[in-house]
Structure formats: C-alpha cells, structure tokens
Amino acid sequence: MLDLIYKYVSPQTLAWLIVAFPLAGALLNGIHSLLAGRFHFKPSKVFTSILGVGLPFFSFAVTLIIFATLIGFPQGQEPTMITGPLFEWAATQGLSITFGLKLDQLSLVMALIVTGVGSLIHLYSTGYMAHDEGYARYFSHLNLFLTFMLLLVLGDSLVLLFVGWEGVGLCSYLLIGFWFEDPYKAYCGKKAFIVNRIGDTGFLLGMFLIYTALAGADLPAEQHQNQFFNFEVIRHFSAYLLPAATPICLLLFLGAVGKSAQIPLYVWLPDAMAGPTPVSALIHAATMVTAGVYMVARLSFLYVMSPFAMEVVAWTGAITALFAATIGLLQTDIKKVLAYSTISQLGYMFLALGVGAFSAGIFHLMTHAFFKALLFLGAGSVIHALGGEQDITKMGGLKERMPITCWTFVIASAAIAGIFPFAGFFSKDAILWHTFHGGHISLWLIAFLGAGLTAFYMFRLVGMVFFGEPVMKAAQWMKVHESPPSMASVLMILAVLSAVGGWIGIPYALGGGDHLQEWLAPVFAKTVGVIEIGSHATEIVMAVLSLLWALHFVILAWVIYAQRKEWPARMAGRLRLLYRLVFNKYWIDEIYNFLIVRPLIWTSEKFLWGIMDVRLIDQFGVHGTGRMMLVWNRLVTLMQTGVVQQYLFFFVVGVILIIWGMLFK
Amino acid sequence: MITLNHYLILAALLFCIGIFGVIVRRNILIILMSIELMLSAVNLVFIAFSRYLGGLDGHVWVFMVLTVAAAEAAVGLGIIVAVFRNKETVYVDEVKELKG
Amino acid sequence: MTDGILAAVKTFAIFFVVINIVPVLIWMERKVAAYIQDRRGPNRAAILGIRLGGMIHSLNDVIKLFTKEDILPPHVNKPMYLAAPMIAMFVATITMAVIPFADPMTIGGKKFLLQIADLDAGLLYVFAVSSLGIYGVLLAGWAANNKFALLGGLRASAQMISYEISLGLAVVGIFLLAGSLKLSDIVAQQGSDLWMWNIIRQPVAFFIFLAALFAETNRLPFDLPEGEAEIVAGYHVEYSSMKFALFFMAEYAHIIVGSCIITTLFFGGWHIPFISADWMRANADLLLKINWAGFALVSILGGGYIAKWFRKGKYGDLRDFEPLVIGVPGILTGVGLLGLFVLFGDQVHLTGLWKGIFIAGLQVSVFLAKALFFCFFFIWVRWTLPRFRYDQLMRLGWKGMLPLALVNILVTGWVVLFGGHHT
Amino acid sequence: MNPILFYTFGGLAVVTALLMVTRQNPIASALWLVVNFFAFAALFALLSAHFIAVIQILLYAGAIMVLFIFVIMLLNLREEEIKPRQLQFSGLLGGGLVIYLIVLLVLGLLKIPAAPFEASTEGFGYVAPVGRLLFTKYLIPFELTSVLLLVAIVGSVVMGKRKL
C-alpha cells in the first residue's frame, strides 16, 4: 500500500500536502465567502462543507500515511523525516531562514492530534453551524487555523513555529469574535489577542537571545549555514546556549504561558468561550492552547540545561492546575467550567514538562485533546439542544432527552477525572508518578489535590446537567432533542478515543508497554534524574491511591449535585467569604483591570495621546514638516525665475568654481 | 605639429562660444543652435580622443550624440512652433510661465 | 603633390564635362519636347547657316544670359540673394566627385582612379551633398523677399526633406547587397553580369529611387517649387541673367548627376553587359578594330544620310548647304579611317598606357551612354506626365514610397540573411 | 596632421561660431552655423573620421539646419530687436563670465603635456568598423537610440498638432 503511494509521490511532497490541503480549503472558502459578499449571493453550503471538511480529512489521511511510514522504520534508525527546505524565505548577511518541515515523532503525534481531532470537529461543525450566516467564513477561518497549527507543529525552525504561533493567534481572535456584531464577543477576541501579545513579547525576546548567543559565537559556517533558528542547528549548538539558557527558557516560557493560558496570563481563555463551541473545542481546548506545551517539549534540550527554568515551569503548572480547578468548582456556565478545567489540565502538562517527564506531558496532551474535545462538543450539543442556554443551574435530567450526549459526556468526564481504564487515568497517573518519583513531593501534593478537585467539579457538572430532576418548564423541556447524526457520530468516535486512547501509554508497572514513551523518547533530552523502571510496586500503589482519591470525589460530587441539591447553598452560606472569593474567580480580572488596564488607558489617553501625539508629534512633526516645506518653498521659488539663461549662468559659475578648484588647489 | 591639446582647446573655445550664445541671446532658435554648436564641440573632443587612443568607441558615441541632437532639434522646434502659436514670440524673456 | 595636381585635373575635367553637357541637355529638352508635342522645335539660330539641329540655340542662350543686365532688386537680402544660386550650382556639381566613371587604370604600377575621390562613405556623401541642395532653393526663396518665391522655397524644402528619406531608404537594400557604401564597391559587386545588376535585383528600390530623384531635382511631375501656373516661377522669380542661368544650369546638372548615380547604383556603372573588364583587357586589339571599323562605317553612312538632304533652293541662302557641310566631312573621315584600318589594322597592338586609356575611354563612353539615356528619360517624363497636387505629393512620399522602401529593406535583409549573400 | 589645414578650418569654425551667436538675423545665424558645421566636418576628416564627417554634414547641415531654417521661415522671423537695458547688462555679465571660463579652460589645457597623435591605421574611421562596433559592443545603446527617436517622433507630432 505504502509502496504503491510512494511510487507516485515522494514522502516530502506528502509532507507538504499536509499543510497545503487546509490552506487550499481556507483560500477557496475565503474567496467563496468574499465573492458571496461582493456579489450578493448566498454561499453554497454544499461546496463549503465538502471543501471545508474534506480537505482536513485528506490532510489527516496523509498524516496517517506518513505516520505509517515512520512506524515502519527499522529498529535503531531514528524515524525522522525532515523535508528539504521548500525555499529560502529570508536571507540576510548573518541570517538565513528557510521554509522547511520537520516530521519527527513529536511533531507527527501533534499533527495526528491536530488533523484527527480537527477533522472531527470540522465534521461536527457542519451540524452545529448549519444555520449560521457566516458558514463559509467560519470554515475558511477554521481551515486557516488548521494550516497555521500544522505549520506550528511541523515547522523546522523557531521562526516557522512562530509564524504558526501568531497565525493560530490570529485565527483564535477571528473565531472568538466570530459573531462580532456582539460587542462583548468582539471584546473577548480582542482580550485574547492582547494577552497573547504579552506572552509573544517574551517569545520574541527569547528568539533574539538565541540568535545573539549563536550568531555571536563564531560557529563553523558550513554546519549552520546561518540558519540559526533551525531546530537542528539550535540543538547541535545548544552547548553555546548554556550561559543564556535560563533567560532564554524563561522568556520562551512566557510565550508559552500566554498561549497556553497559565498563571498569570490565563485570563483570556475563559473569555474565549464567546466563540462558537466547536471553536472552543478545537482551539481553546484540544490544539492551540497546547502549542506552549509543544514548544517547551520541542525545546526540551534547552530546558534541561536550566534547572531553574524547569522549576519555574513545574511550579507554574502545578499552581495553575490547582488554582483553576478551585475556580472551576463554583462556575455555573457550562463552558466556563470546561475552560477552567482546560487551564487546569494544561497546568498538569506543564508540571510534567517541568519535572522532566516530557513524554508524559505529551501523552496527557493527547488524551486531553480527545476528552476535552469531547466535553466541549458534548457541551455544544447541550447548548445546541437548549437553544443557546449555557447556565447549568437551569439544566438537569437531560439524560432522558439526549442519551448519546449524556453517556459520551460521562465517559469523557471519567477520563478527565482519571477513572480506570479511561484515557485520562493513564496520562494523569504518569504525570503524578513522575512528579512523585522525581522527588517533587510538594508539587505532587498540589497536583494530587488538584486531581481530586478535577474529579469533583467534572461530576458536579455531569450531575447538574444530565442527572437529577429537570428544572426547566415543560414546554421547553419538550423541545430538547438529541443532536443530528453529524454531531452525534463525532461524539461517539471521540468517546471511543477517550476510552481507549490512553492504552498506548500503559506503563510497564501495569503490564503495558509504554509505547508512546518509547516512541517519543529519542526526541527528548534526558533529564538529570532519569526515571528508572523497577519500583513497580510503588507505582501500582500510587495509581490505586489516585484512582481511589478520584473516585471518592466523583461519588461526593454525584451525591451532592445529583441527590442533595440543597447542600451547596448551605455550604456557601457557611463559608461566605471563601465562596465569594472563589465564585468571583479571586477577582483576578478586576485586579488586572485596576493595576494594569486602567493605568495603561489613562497614560495612553492623557499622556501619549494628549501630550505626545497632539502636542509634540502633530505640532512639530506633522504640521512642522509642512511649515518647514512652506518656508523652504518660498526660498527655493526665488531661484526659479523661469529664465533658462539664468540657470545656465549659475551652471557656468559652478563649472568655473570646479575648474578653479582643479587648477589652483 | 598639431597635438591633441590643440583640438581640445579648439573644442573648449567652440563650446564656450556656444555657452555664450545660450546665455546672451534671447531668440530661442539661436539658443537651440548654440546648443547644437556645443554638442558639436563635444563631438570634436570625442573624435580627437578616439584618434589619439586609436579606438573607434568615440565614433560610436558621436553617433549617439548626433542621434540625440536630431531628436532634440525635432522636439525643440516642435515646442518652439507651439509656443509661437500661443504667444506670438520666440524670445525667452517673454516666456516665463515656469516662474516659481 | 602629384596627387593634388591629379585631383585638380580630374576635378576640372569632370566639371568641364558636366558644364558642357548642360547645353546639350537643354537642346535635347527642347527637341524632345517638340517631337513629343508633334512640332519641330528650335531651328532658327544658325552660324553661317549651320544650325546643328537647333543646337546653336543653346549657344545663343548662353551668350544672351552672359550679356544680359545683372539686376539686383532693391528689396532683397543681398548676401543671401547672391549666395543662393552659387550654392545651388556648387552643390549640384560636387556630387560628381565620388562617381566612378571607369575601372581604375594602372599606370606604371600605380593605381589611377577615374574618379575624384573614392570615399569609404561615398553613398553617404552623395546624400549629404544632395541634402544640401535645399539651401540654394530655400535661400533664394527667402532672400528674394517675394511671397511667391518664399512659397516656392518652402514647398521645395518640404518636398526635398520628405523625398530625401525615401531616396536614402531605397538604396539601403543596395548597400545591404554590396556590403559597402563605397560606390566603386557597389559597381564592382554588380559586375558585368546583367543578372547581378541592381535594376534586376532591386527593382522596387529602383522605382522608389527614380521617383524620389525626380522630386529632388524639382522636375516634373514634382516641380511644385517652380510651378509657373501657381506661383509664377517659384523660388527664382526674382532672378535674372547669369544668376538665373546658374539655377537653370543647376537643374540640368542635377539631372546629369542623378543619371550618373542611377547608372552607378542600378545599371552596373561602366560595365558592359556580359563583357567583363578582364576580357576587354585581354582582347583590347579586337575591340579597337571593331570600334575603328564600326566608327568608320557609321561615319560614312551617317554622312551620306545627312548629305542626301541637300536640295538646292530650299531656303535660297546659306542654310541650303548645311547638309553638305556636315555630311561630306563625315563621309571623308569615314573613308579615311577605313583606309587607315585596311592599311595598318593588323599592325596595331595596344600596350601599356594606350591600352589602359583605350579601355577607360570605352568604359567612360558606356557610362556616359547610360547616363545620357537617363537624361533623356528625365526629359521624356517631364513632357509626358502632369504635375502633382501638393497634398498628393506628400501622400505619395510619406504614405506610399516610405513604407514601400521600408518593406523593401526588410525583404532584402531577409534575403541577405537567409540567402547567404553575406559579404 | 597638416597644421595649415587645422588652423584654417579651426579658425573658420571659431569665426563662424562667433558670427553665428552675434548675428541679429536668425537666418544669417543659421547659415553661419551651417558653414561652421562644414568646418567641423573638415576637422573630423583631418582626424581620419570620414564617416563621422559625412554624417555631420548629412545630419546637421542637411537635416537639422534645414529644419531650423524652415521653422524660421515659417515663423517669418525678422531681425532681433535690440534688448531692453537690463538684459544688455546681463548679457554683458554673461559674456564676461564666458570669457573668464575660456581663459580658465585654456589655461588648464595648456598645463597638460602635449600629446601628439600617432599615425592612424588603414581603415580607421571607416563605416564598416564603426558599424561593427555599433552592432556588437554598443548594441543596446544603439537600439535604445531607436526608442529615443521614436519618442522624439511622437513628441514632435503631438506638439505639432493643433488639436489632438
């Protein structure tokens, strides 16, 4: 089969096709949409759907082919395929940037997640967005997002990664503000964009630092050919980065913090829920937000050089995990709960990276993509069914009306809560085990607590939405219906993935082969405290412990929110202050508003605009230039008499002066 | 014996006479003729150097200059006729439309 | 130094020939005009009853113009008024400088050109000089301070500028074929093979050139500068006596020059068809004998023919004896030559200088014969075709002949490029 | 390099140039310029540039100057009237300036060591070598002149038209 394919196309071409397919979709749909707007016709839904869904699926298929190819590599030979640079993108004296792809184990896993989950969500969107005005525009943006995301994960240089990084940021902005007629939603898009920019500043500075460190080091030119941002080059010369490793890693991590919504830059993610739900599922849960994780994993060889940076990553992740989990406990908006859950889970991934368990982080990234996408899509299904209702206090008992959604949602919740044998159990357990085993007991404690809270708030959600008695009026209740097949089928596929997706990473202790770990290992740098395989007993004990801990919270949540609905109110009354603190998300947004946003606006308006711009630049710069021109003009017009002979006269005077200079110097 | 310097001085003289014509005369036709004279003086330098150096490149450039002179005369006379049609004069001091 | 003297002699000789052909041409014009118009033409002026078919009339004209009062009108611009006819005549004759009349003779191992100057850019020289011809007309028209003259001058300059372009472009094909601008090269390239003559190889160029030449000489059908029905006499309306004569001579000199150029460019110059110069040199004696005998026979027969016209009492005065005066010496000369030929014909062997002179003389005669035919052609056309209107003239020049000449260049270029005629 | 010929034609060129710029009558100016061009042609011929000499006559004397005279006649220009006073002053100033320029130039050129000519080679300045150079080394400038001429043709036609 593979031989047949490679008879006609080279692997390199195939690799490019992965990116090219969604790009083609984006362009075609975009043009379609633009033409429709220009010439006032209704964009064809069939055309848009076939292109918008078909091309990502093609992309997925191509990724699978390449994956199969790489799997088939003989033992010992590193299954890496770097496609040759397509073209030189920018070249200066000391820097050359080529446009090339790098397909190795890590990027391929990412590409599979992106195209696989992405394609499913595209399919789902055909149902969810069926009645929307901007159908073609939506798919154009979504395809464009896929393009950039693939570029991000497949790019062979930091610059290309950054292109994808910014590109997905742009698409995120476009899609959050997809319904831009609503000022709040447009505001949310803006907020996401600006907060991300803060992180990107750090990212850029980190890149510059890498360049200065490498370009200033007088390296053999034939080995790097000025491609200082190429991953291979950076890796090859990483020793030269040692002195600057800590600032570089921290700055790059700032970018990751922004993109992956970690403390303190997580504030945009909950607001990003303003976009269509499939967008939340794809971008703000499954793919884009994991870009930071991918970046840190990709540059693992850099991070291991700076233990301090690793500490920072780990602690940031752990605190975010717990902090977001506590906020998630009391949220009443179904998507907000999931948003905070996403932040929390991303925290776990960073924790894994921070303690050096890179493959565990990627493993969790993968399982998380499955179940979080499923959760969001399930939530979308519910919202769709309820006609846009998002408040979980007004739901309940939906199990009766939409069984498929309900049970897939339960599977996903079990997965995220870490219930055996669903996907999340293995990945989360791997993180916890590596944290514990790496000697980070305090981190482990925080993560362990967070894991319990995760189980609690997830089943609180399940309980409040799908179980118990319905609270809505009968008329409305009768309208609730199961989602169309296009959506339901996606839910089921993802449910299967959430259930079994973790099995490729079953550790040796539990009788598995830890395939993912094996597969990814060559990509990552070895951390200082190498994990030995051997203490299987401890590992099993830990796993059982965390399972019991999660189950305990599941049951607790179940009891409280499905059976004893009066308990939460009573608890809130008793812990009034704490309740208000958590319910209002620790007033973080307000604090930011007070400390940063308002001073910034004040300075901009009063000083930068009122004084700098109007007084200085306008008066001296803009108008001043004009006035200077007028003055000069008057002087110069004196010379333009219109009498050619005078011009020649002056010309001759000049010639005489020159000859004078030559004769009598 | 006649040397290159003789030719150069002769060309300089003729060129300056051309300049004199351009500066002093009011009749635009004569100004144009003076310019042709200047061009010819330059041609003389070209030819003299070409002869001195033994190459024919100077001849080629004279050829180019002649082409330019012909084009200049055609366009210049066209302008003069047009100006005369509008202003009934060929004196440059009476045509000052381009005054700043 | 000898070169200088030789050049001066040649210049003088050629000028002399041209000046002396002019009266002949004038006579020819009158006679041809007369016969075309079915009348006798001039036949009154006579010296001792000898009229030479009216040729004495031309002599009369010359004397008249020389002795006429030289009027200088008061309203003219004097220097230019005087300069104009000189320029006209000067320009008309100096073109002859580059025309090769015969094969170069070799005298004592030294080459002797029957041509004043064999310029490398000979053809360009011809055009350069002919383009100067405008000055005479233009200045005459302007200096006369007469509106008819000015109109004539303006017409002349516009016409000459317009047709000069066609004139120049027509011959581009010729020097593409010859690969040279030297007139002697062009003649040599045509050779004595009739099929190599440019009249065969460049017929289009020939007709364009011919028409443009008519315009350049201001002859009918392009004589608008002096169209007497419209602007009296055009540019020379204010001229009289010898100054007028100069214009008059310049016109005929132009015709001669033009005929010489046509002969050179299109009709193989001094070549005799199918008889190459080498063959002539090898068989000089035979040619001499043929010529000798032929000339003798022609003299006898011609003299006899003319003498037969004698009839006593036709006029009742000296004119009655004119045929005898011409005819009898002709017969006697012929008989004498024949006798000499019979006596010494076998013993004559041309060698060295004499041979060269004989061959050159033969070639010059051939050249002149061809040229005179074209002079006749000019006159023939003049009395056959009507005058163009001014707009027709311009349309023909710019829209007819110019594009045709360009197409001719293009086609010739292709043929030269692909036909392997590279030189 | 005959000194007599050089001084004859050089002197002729200078004198006719001076006459050209000082004549009141534009036709006289033009005619003196024609004579001047003949002197130039003779100087070119002295420098063995026969082709250029002929071209000089053909183009300048035969075409350009005819155009000038034609235009002068067309506009029916008469003698130039005497200039206003301030223009006379500026003319004087310009004349002085030019004379000074001449003095400077001649002084400068006299400083240069004399550079005698060598004997010219056979065929120097003939049409064929110049043409060969035109179509090989200077092909692009040569072709560009055709564009220049086209522009000039279009320009003069446009200006010559009363109404487009």
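Which chain is which? They are A, B, C and D, in the order written, and residues in each are numbered from 1.
Throughout what follows, a residue touches a chain if its C-beta (ideal position, glycine included) is under 8 Å from a C-beta of that chain, and two chains touch if they have at least 3 such contacts.
Just so it is clear, the structure is predicted and the values come from calculations on it, not from any experiment.
Shared contact partners of chain A and chain D comprise B.
With centres taken as mean C-alpha coordinates, the chain found closest to the middle of all protein C-alpha atoms is B.
Between the CA-based centres of chain A and chain B the separation comes to 73 Å, rounded to the whole angstrom. Note: centroid distance chain C to chain D, computed from Cα atoms, is 34 Å.
Each chain gets one centre point, the mean of its Cα atoms, and the points for chain B and chain C are 38 Å apart. For the pair chain B and chain D, the distance between mean C-alpha positions equals 6 Å. Across the assembly, chain D contributes residues 51, 55, 63, 67, 74, 94, 97-98, 101, 105 that each touch 2 or more other chains. Residue positions 19, 23-24, 93 of chain B are each in touch with at least two other chains. For chain C, the set of residues touching two or more other chains is empty.
Judged by the touch criterion defined above, the protein chains form a pattern that is neither an open path, a ring nor a star, and not fully connected either.
Chain pairs recorded as touching, per the definition above, are A-B, A-D, B-D, C-D.
By the touch criterion stated above, chain C contacts chain D in their complex at residues 77, 79-80, 83, 119-121, 124-125, 127-129, 131-132, 134-135, 138-139, 141-142, 150, 153-154, 157-158, 161, 164, 180-181.
Those residues of chain D lying in contact with chain B across their complex are 1-3, 6, 10, 13-14, 17-18, 20-21, 26, 29-30, 33, 36-37, 40, 43-44, 47-49, 51-52, 55-56, 59-60, 63-64, 67-68, 71-72, 74-75, 77, 80, 83-84, 87, 91, 94-95, 97-98, 101-102, 105-106, 109-110, 112, 114-118, 120-121, 124-125, 129-130, 133-134, 137-138, 141-142, 145, 148-149, 151-153, 155-156, 158-160, 162.
Of all the residues in chain D, the ones that touch chain A in their complex are 90, 93-94, 97-98, 100-101, 104-105, 107-108, 111.
On the side of chain B, the complex with chain A involves touching residues 19, 22-24, 31, 92-93, 95-100.
Listing the residues of chain A that touch chain B in their complex gives 636-645, 648-649, 652.
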